[in-house]
Amino acid sequence: MAKQCDEAVTQIHLKQKMTVNELVVAMGKAGAYNGGSLARAVDIYDQMLRDTETTKFFGLAGAMVPAGMGGIVSDLIKGGHIDVLVSTGANLTHDIIEAIGCKHFHGTAFCNDVELRHDEINRIYDVYLPNEAFEHFEEFIQKVFEELEPGSTISISALLKHIGKNLKSGILHTAYHNNIPVYCPALQDSMIGLQYWLFSQTNKVTVDAFADMPALMDRCFTAKKAGAMLVGGGVPKNFILQSMLMTPNGFSYAVQLTGDRPDLGGLSGATLDEARSWGKITEEAQAVTVYGDATITLPVMVAAVLERRSL
Amino acid sequence: MAKQCDEAVTQIHLKQKMTVNELVVAMGKAGAYNGGSLARAVDIYDQMLRDTETTKFFGLAGAMVPAGMGGIVSDLIKGGHIDVLVSTGANLTHDIIEAIGCKHFHGTAFCNDVELRHDEINRIYDVYLPNEAFEHFEEFIQKVFEELEPGSTISISALLKHIGKNLKSGILHTAYHNNIPVYCPALQDSMIGLQYWLFSQTNKVTVDAFADMPALMDRCFTAKKAGAMLVGGGVPKNFILQSMLMTPNGFSYAVQLTGDRPDLGGLSGATLDEARSWGKITEEAQAVTVYGDATITLPVMVAAVLERRSL
Amino acid sequence: MAKQCDEAVTQIHLKQKMTVNELVVAMGKAGAYNGGSLARAVDIYDQMLRDTETTKFFGLAGAMVPAGMGGIVSDLIKGGHIDVLVSTGANLTHDIIEAIGCKHFHGTAFCNDVELRHDEINRIYDVYLPNEAFEHFEEFIQKVFEELEPGSTISISALLKHIGKNLKSGILHTAYHNNIPVYCPALQDSMIGLQYWLFSQTNKVTVDAFADMPALMDRCFTAKKAGAMLVGGGVPKNFILQSMLMTPNGFSYAVQLTGDRPDLGGLSGATLDEARSWGKITEEAQAVTVYGDATITLPVMVAAVLERRSL
Amino acid sequence: MAKQCDEAVTQIHLKQKMTVNELVVAMGKAGAYNGGSLARAVDIYDQMLRDTETTKFFGLAGAMVPAGMGGIVSDLIKGGHIDVLVSTGANLTHDIIEAIGCKHFHGTAFCNDVELRHDEINRIYDVYLPNEAFEHFEEFIQKVFEELEPGSTISISALLKHIGKNLKSGILHTAYHNNIPVYCPALQDSMIGLQYWLFSQTNKVTVDAFADMPALMDRCFTAKKAGAMLVGGGVPKNFILQSMLMTPNGFSYAVQLTGDRPDLGGLSGATLDEARSWGKITEEAQAVTVYGDATITLPVMVAAVLERRSL
């Protein structure tokens, strides 16, 4: 028997009332394709969370908050499992919308969008968001912006912290209370950004695009080890991975949950091996990509990791 | 609030030691994208299995047995949850390989395939299968073929039944012992087929390509209701869906787990709504497609359904 | 400069009235991702067609005839560029439908399938096919079946040849007139198959599932070299690739146009490198996969190859 | 015949030496799946470019410059076909690298990334970029940054304009000379951003994240009509589409070339119909998405449009 063949695929036999981690362990023994990768992601993420020397980065891209994944992220912050969060303006906009009491709704992707437009409903695949949510959002956020000190210059993370301080739940709220920085390099590219443009028509507070870099880079230089948990690609993935490029080290742990594909060349679908060539992750880094929808892979992965850590 | 907005997205908050079904219920309350679809697939599949008037078809495409999913299928047969199985020659070949004691192994997709060739290892993405498995396979299957009555004509399902009778575990074995027909329209397109060609060089047993149709069509005509659980697309999906076309009815339940996409036009990625236009599924059929890797979605779905049925 | 870096990416500058091959050459000089792969596919396919020692296999999967790609395949047969054709029952069904004067129509994927059902229109993504086409199809094919000799046994390719003889255009017609065998291992899985079941209710002509194997295997054993042009995956891809497995050789040329992805483990999306581990293609084979919709990549590739061969 | 069935699919018959537009016209007559969508994209983009009342936005995401697509974008600017360009920091970084005389190289995705790391080569799927390019990049860009007025505050587009003024070819150079604004909301998320952080260690020039919004919004408010050509998704797609949200109008033309898929919920793969529900594009907008690799679809589309405009 060839030496490469030492660990056999075990056919899965399901039992009654399996816990999520029991199922993931069985998927790991089967060990093939993305089911096998998901089991390996649980192993790596569990090890990364146990490694007290590791600074934990979390990237959140894709429309995850409208899909109910925001609760998982808040809870990870609360549990001390995220040291640095990088997200998109869209996720933070929807986080605020939920935090001020508005709701996203179950809808369908097979609909007439012109009729939805007439009914004042905005669609995100099969999630519906009524326009009135944006009215409440505008009211809230303009009031928050007005508290900023006229003539001052702030960073994007400081602006987000200020918003978080004014909320009672959600990601920004939890990050504020746990003193976790939230970076959002493309804040302009969101409803928060459009509202800030409105605010800036009559107010002068400068948001310095690069003001967050020194603190982030300090964090990277002082980290003994670094780990990256990446939900989706986009700006959060690249911003996290590039942050270690200037240091002598790279990420020692990396897990990526993405629905993209590598052969299109875009960073969102790029393998983590590709990141080794750049030195973004170390040569020996434990790394795995799970291809699939994060609305499935994220809850399964985190539920399994939580279960392991309770033992 | 617009009338379409009545069921809100619930942010997921994971707990310690959740069972798979508890997680799926939470994913259903979030309700978005493929996580929401997976929760709906569990609802529909559970209902289909409870409906005693429903004839249950199961389509198995993709390299699922090498990935350890064969155990789930065997157990579903054993549990009485499959009335008609349609699969590919490849899955049945690998089922036989496992049943005669050979193994598939955990490998990697990032390898040198020419070196694997020299090491006599066949690769299926990240699963390795040593050549010697095919030697044992040849020995077994030729012996089984030699028991066929010279000069006779048989159907593909009869040939598969005969193979199953000679095995001690796996899908074909379990189907044989539970008297479940296994259809495999493209049997020639597999190692079983190549071995049969070898056998037919010196033996004369005719495999009638259409001999399975009458029994299948009778089944379709007499079914009060029909349900289809489709893992992957390919021949199994189409063969199952088309089977009701000649009857006045269509499928009342349909669940599809696929990694393909609809916009390429191929049947494997086609939506189940498309199937409504053909009358393959009924206008009112409960149907859902979950896009993603079945090595994740199949175990999660079946584990959740089993859990519900134990209550 | 590292040794691996010897051929630079050339930025594309488009000119007025470029021919398809001129564009493909520019895409080859850019040379990245699937654009680069498509240019390489043209190089390999061109070389394969020029190589007079090579037996040329063509695999046609996916709903390509309803999408207007059947004309390209017929013309390739006419031009002497296909020696062995393997396709699906669906493509051949739609080929017959077009050949008897029925039409597919431009539709939309964003529609109400229940309404389509009421309007007696069958949908294939954004292609519409009225039910009446199947009425004409039934009338034609039953008449053709009735010409078969009662009590005889025939192969699938002989049945398809008989159909082709009765048509005046299309793939089956052209294959018949050019004496090119058409293999379709899963013929039962199609409207042709359902009609044959109807026919067999009152007639007795046995279709021997394995009767095509000896001629195909002879072809494989006597081929000096073999080349595979694969549109889509499914049965055609595997049936072609496995056909050389029993011979001491493999395919020397292989081009695959697919929209699938490798990480799901299914053969349709598997890389051609994976096929090297099995010996389906030779260690030195020139092979490339172009990921994308074949309704784009097939016409571009064939138009460029035609242009090169006219020089 | 049902009223929905009025335009028949025309089988494609290729001719010798077809021009790209002739091929696209044939693909439009076939009219199915993404081939049909690509033909429609050419129609819409051609009409958008002819419409002199339309302000033309161009979004460039994905690693398009390393793949040789930057030349097409430069030429479109030169030809007067882009009024507003939104791109990613990565594309602009690689544009600078090419403009200062460094090169990207043809590589392979099937390689050992740790060895590449040792050979100081950075990989982007199958494109290689030697580390030394980044050394030249650093030297160039730091010198350019040093020309900025100490103590001043600038916008991102002004910074990019300043860079473009110092280049002799490429996108930024051409945009500068044609007075076309280049927006890049997430500039920090790129090598330009990392270099700017280095620069800012010892220099004080504030980059105001929101300083570009007023001019962009003015442009949107004064546009009689607006058109969006979107290559890839990411920040460019959303930033362009959201820009019209604050005005009473939306985009009248929209073409999207993407390899993503809608069912994951992310904006990159979202249909343009979804954008109608938000009012980002008008109810009557002509809009089409072509799914596939833009290294194929972009050159084909632009070559066909150029050819039409020369007539």
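Here the chain labels run A, B, C and D in written order, and each chain numbers its own residues starting at 1.
Here is the rule we use: a contact is a pair of C-beta atoms (placed from the backbone, for glycine too) under 8 Å apart; a residue touches a chain by one contact, two chains touch by 3 or more.
Keep in mind that what you see is a predicted model, and the values were worked out from it rather than measured.
The chain pair with more C-beta contacts between its two chains, of B-D and C-D, is C-D.
The mean-CA centres of chain B and chain C are about 25 angstrom from one another, to the nearest whole unit. For the pair chain B and chain D, the distance between C-alpha centroids works out to 42 Å.
Centroids built from CA atoms put chain D at 34 Å from chain C. Chain A has residues 32-34, 66-67, 110, 116, 121, 124-127, 261, 263-265, 273, 291, 293, 295 in contact with two or more other chains. Under the stated contact rule, the graph of chain-to-chain touches is complete, every pair of chains being in contact. Across the interface of their complex, chain C is touched by residues 1-21, 23, 26-27, 29-36, 38, 65-72, 74-75, 98, 103-107, 110, 116, 119-121, 124-128, 130, 132, 273, 291-293, 295-297, 299-300, 302-303, 306-307, 310 of chain D. The residues of chain B lying in touch with chain D in their complex are 32-34, 110, 261, 263-265, 291.
Only residues 61-63, 66-67, 90, 109, 113-114, 116-117, 121-127, 153, 156, 185-191, 193-194, 196-198, 200-201, 206-210, 212-214, 217, 232, 234-235, 238-239, 242, 245-246, 259-268, 270, 273-279, 283, 293-295 of chain D touch chain A when the two sit together in their complex.
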